[in-house]
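To start, the structure itself, in structure tokens.
Letters A, B, C, D, E, F, G and H mark the chains in the order given here, with residues in each chain numbered from 1 onward.
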Amino acid sequence: MNTNPRVGIIMGSDSDLPIMKQAAEFLDSIHVTFEIDVVSAHRTPEKMMKYAQTAHERGLQVIIAGAGGAAHLPGMIASMTPLPVIGVPIKSSNSIDGWDSILSILQMPNGIPVATVALNAGKNAGILAARILGSSDKELFLVLAKYQNSLKEKVLKTGEKLKQVGYKDYKKS
Amino acid sequence: MNTNPRVGIIMGSDSDLPIMKQAAEFLDSIHVTFEIDVVSAHRTPEKMMKYAQTAHERGLQVIIAGAGGAAHLPGMIASMTPLPVIGVPIKSSNSIDGWDSILSILQMPNGIPVATVALNAGKNAGILAARILGSSDKELFLVLAKYQNSLKEKVLKTGEKLKQVGYKDYKKS
Amino acid sequence: MNTNPRVGIIMGSDSDLPIMKQAAEFLDSIHVTFEIDVVSAHRTPEKMMKYAQTAHERGLQVIIAGAGGAAHLPGMIASMTPLPVIGVPIKSSNSIDGWDSILSILQMPNGIPVATVALNAGKNAGILAARILGSSDKELFLVLAKYQNSLKEKVLKTGEKLKQVGYKDYKKS
Amino acid sequence: MNTNPRVGIIMGSDSDLPIMKQAAEFLDSIHVTFEIDVVSAHRTPEKMMKYAQTAHERGLQVIIAGAGGAAHLPGMIASMTPLPVIGVPIKSSNSIDGWDSILSILQMPNGIPVATVALNAGKNAGILAARILGSSDKELFLVLAKYQNSLKEKVLKTGEKLKQVGYKDYKKS
Amino acid sequence: MNTNPRVGIIMGSDSDLPIMKQAAEFLDSIHVTFEIDVVSAHRTPEKMMKYAQTAHERGLQVIIAGAGGAAHLPGMIASMTPLPVIGVPIKSSNSIDGWDSILSILQMPNGIPVATVALNAGKNAGILAARILGSSDKELFLVLAKYQNSLKEKVLKTGEKLKQVGYKDYKKS
Amino acid sequence: MNTNPRVGIIMGSDSDLPIMKQAAEFLDSIHVTFEIDVVSAHRTPEKMMKYAQTAHERGLQVIIAGAGGAAHLPGMIASMTPLPVIGVPIKSSNSIDGWDSILSILQMPNGIPVATVALNAGKNAGILAARILGSSDKELFLVLAKYQNSLKEKVLKTGEKLKQVGYKDYKKS
Amino acid sequence: MNTNPRVGIIMGSDSDLPIMKQAAEFLDSIHVTFEIDVVSAHRTPEKMMKYAQTAHERGLQVIIAGAGGAAHLPGMIASMTPLPVIGVPIKSSNSIDGWDSILSILQMPNGIPVATVALNAGKNAGILAARILGSSDKELFLVLAKYQNSLKEKVLKTGEKLKQVGYKDYKKS
Amino acid sequence: MNTNPRVGIIMGSDSDLPIMKQAAEFLDSIHVTFEIDVVSAHRTPEKMMKYAQTAHERGLQVIIAGAGGAAHLPGMIASMTPLPVIGVPIKSSNSIDGWDSILSILQMPNGIPVATVALNAGKNAGILAARILGSSDKELFLVLAKYQNSLKEKVLKTGEKLKQVGYKDYKKS
């Protein structure tokens, strides 16, 4: 469905999709092309290796990889491509409060960085990918500046509303 | 000394320099231009705001921000520019094993991502900045591919040496 | 509704209101005037800066700031005013058991303290604000002494009731 | 030596003095009067109770209490006076990385807040005490504003120096 | 209802009763007399002090104290009596996974021990109190030996049942 | 039901069965014989000791032991047999997020290893037991290779499906 | 040297002696008889079992057991005697900040309590043992009351000294 | 030097050798053949893949893999061979107290177990490898039983010595 994808979104299991689709939705909303796939470090190591090694040739500029538990996918992808890799720690069912996933992704050794975002922060991974592309794409940069401004407007409005209706009657819309 | 900087390296205090200079050294080694400064979220908030808001105009494409303890610098910078911001958690003297710094940088809310690297990983921040630039700069991409290959060669050599001299006589060079 | 506010209550998002309104309710109950607003460090940095810098001129004597995750609001406010700032760590939805919020607020560097209260302790933030005002306001001091006494009375009564009805039949009222 | 003390500084053991004297030194530097004593919740409970109950009568407006391990002093003091109490968690010798002290001080129940500062942050406790007094003392408020400005100047200078000498030759002064 | 109580069971709030009544039920089941009360370190400090100081005179031989969050009750009681004090960490509503309560009770300084049991382990506190009494009360010792044997019998039976019905059809009774 | 068991599966309590039966189910699925029992380190120490000491004589080649909280069963079994022992940390009801169980099983002293698997990973314990047997049983080795391949096939299919139906319409089957 | 020991002090390894001798020294100082031995749960399980099962017959009234890492000794002893068992978590060389030892000792299941003291708190274990004996030994009770009073005197003196010499010149004696 | 290796020992970096050589030394001491190499998941992914995929063909029966930080080596090896894989978490220089390494190795997803040993427990990894081989190698089993007995003898001797010389004069030999 996506042609000429600039961003690759991969996840270790389809149970990670509810988190990872937030990245897809954000990229869709600003018309950045992407591809999306399930690639497991532990169950499909050969596919993972091929995915990483051919990513650049296929035109990808950024890769977003999400995984839970002992989350090796982002780091392994980063070890096999010089593209920037964004890691999304996912709090899976038997996770220890998400610590396992965070530390497995964040604490990469010297030489092989992974750009880690917050726990379950699929949306922020999408935004970060767009920021990376936008750093050398003026049009996209302006779209992101506009998006950032829209966040501000929304918060300013809740502040106004809170002052008007008072804290006792305020209802989150 | 650096002209036309593409990367901005900032830190909350000059006591962070031993970590943050590793980013500078890496960028120097691959001839990526950068600027370096001390910008404190808590002691120079106005300078910080101006730094973030003018970063793009001054030609920066990526910002690397390092800080320790309640580390607000990376997140605050990211809140005032659409450029990609890399956060380096630093284990400062009264830090609680680095947890404070990691969580203050990593756990950003939806809308404002920070690309977090490992604790004290100044070098990886430099590499990640280069990867971001390299995602739309073919020449730089090739430099990074070559760098990644050099890491491999080094490890392969230690493996060969270990087999030759045996584990009893091996000395880390 | 509040005229001449002495306390400013701010929060990073309106989803923090259920916690932060506990501060408002306590201050209301002892007739301490306050204002309440949504101010986000990451989405409305300019409003935050203006809020902090003009707080004293507008007559505020204490500021209560609540936020979750990478919670930068209390510390950033404290960096731009010499007023005492009370920080309320909030356990938001993707928080890591509240640790992120606590450490982001508590572990401020030398020079810029934040008076941190317990996780989700909106009410205690209100009481602490009143104690701060009461330290140079005799009337308020007496109100607080009376409040503290009322807590004692309530606990003494539960003790009496437990002895009377016995542990098997006791029901929390 | 201090007459008419406005701040009370107490600590659970004289081994806490290296941390707690930082509060004293700051208050001395801005001419805020204080008294200093060793009061142990677990070894001198009667003295502690008397200290808290008479604090207000003796003219104290703020109390700073530091302790390590299972640190009950700040919370117990706060339970017996309506004055604002600042708690300083201290990382003592057999502490578990300071977590025990932080949580024992921070996580007070509803009704009895302790204004907790960072681990070992004796200096910040002194500054917070001054901010509390300054919230209704214009002269002191101005002193604190000036102090806050001096922090800014120092950081701005390190930034200038770093730019001038370059990161390779920079030496922390 | 209990005459000549040998064990005192106290808790910081009546919301701790569901946990603390497990101690009472065990003691009832083996006919050890006890008294039960609500005593809050932070809301009724004077009652707490009196409770501890008169415990021995009133014939108590062991005190069981349960509390949550910044749990000061067990340690403060232990500081005002030479009787053995058993502490029960309770995971209260805004607790940080129980860590606050555990560390506040466990990490007592040299000189003032608290016999800490597991999180929410009201029943084990009752058993430990009985073991303490039983260490110089032969009859009670035998009762406890019998109780310990009954635990064994129960587990042996579940093992037998599991072997008989097989793991597929086993249902926990 | 199982004759000539090669694997022993034991657990500290029948409440651990939902986790531990996953090991049994896996072994059943590949026709590896096993026995299953409830053996509590703390309630049936004599049975535990006998179980460990006679395991080898009865023909067992691997033991899987699961327990929660202060989980002593796997380590104690390993101390009384030279057979490989697999430990399954179980997150029981009053566990502290599973940390207690993990650390009690994992952190064995030099001389007495326990092969620890992930929290609640009963199934992985079964697979690890099979791998251990398969390391000197060619037929079983091939069965495991086939199983590992089947995992790959399943993940590859979810990837294909995701690409076909798109992330918006994908439903986990 | 000790005749008719009332307290048994055991430890998992002689490397625990520096901590465990503090219990011995305290008991010696108040003339409570004890025996001391090395008993390893994992290396001498049979000795451990015999030790626990015969403790009561040999006249022991309390057992103090210290161990590090996956510390099973205190809990296993408690599972084989109805005597009160005091557990001392020891921070051994490869311990994870002592968490492993604390949780392995503290988090015992229902039915088998261990009276846990603070990390490395050998001295407090000795004091707790004495308190347990003192709960039915008036003479010993008075000795402990006197000891508790001596702690108070020492702290009161440091307070006096601090006031006299001032915080600048105070030196810990 | 080793011919026909039955165990493969690999590590992510030669800085892990001081820990991993303990496995080698133990295997040497009981005449179990092994090979040893440096294989980095992140720097030599192709070598790693080849190592895992050919391990069985080359006659290996068990693989021991050690790594620090975001430690992906053990899990990735386990994903590409049905042999049993033992993981050794190593506390490297910028590790967060070893938690990162432990969780990255331990928390593997269903289907791909890693037999994890304690932090820095290179020796226990060697022993576990031997136990695995010994489970179907009677001679080796007896060697391990003898080794286990020698541990007991050593501890029994330290106990005897402690009783003889007394705790005051005991010196660890």
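Keep in mind that, in the parts below, a residue touches a chain if its C-beta (ideal position, glycine included) is under 8 Å from a C-beta of that chain, and two chains touch if they have at least 3 such contacts.
Since the structure is predicted, the reported quantities are computational estimates derived from the model, not experimental observations.
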Common touching chains of subunit C and subunit B: A, D
Contact distance in steps, from subunit A to subunit G: 2
Chains touching both subunit B and subunit D, listed by label: C
Result of counting contacting C-beta pairs for C-E and F-H, higher pair: F-H
Angle (degrees, nearest 5) of the CA superposition of subunit C onto subunit H: 180
Classification of the subunit C:subunit D interface as same or different, half of numbers criterion: same
Between subunit G and subunit B, distance of the C-alpha-averaged centres to the nearest whole Å: 48
Cα-centroid distance, subunit D relative to subunit F, in whole angstrom: 51
Inter-centroid spacing, subunit F versus subunit A (mean Cα positions, whole Å): 34
Overlap residues in subunit D, where contacts from two or more other chains coincide: 13, 43, 69-70, 94, 96-97, 99, 102, 106-109, 111-112, 114, 118-119, 121, 151
Pairwise chain contacts, counting only pairs that touch as defined: A-B, A-C, A-F, A-H, B-C, B-D, B-H, C-D, C-E, D-E, D-G, E-F, E-G, F-G, F-H, G-H
Residues of subunit G that touch subunit D when the two form their complex: 91, 97-99, 102, 118-121, 151-152, 154-156, 158-159, 161-163, 166-168, 170, 172
Subunit A contact footprint on subunit B (complex, rising order): 56, 61-62, 82-86, 102, 106-119, 121, 123-125, 127-128, 131-137, 141, 144-145, 147-148, 151
Touching residues (chain side subunit B, partner subunit C) in the complex: 12-13, 41-43, 45-46, 49, 68-70, 72, 75-76, 78-80, 92, 94-96, 99-100, 103-109, 111-112, 114
List of subunit H residues in touch with subunit B within their complex: 1, 13-15, 17, 20-21, 24, 35-40, 43-44, 47, 69-70, 94, 96-97
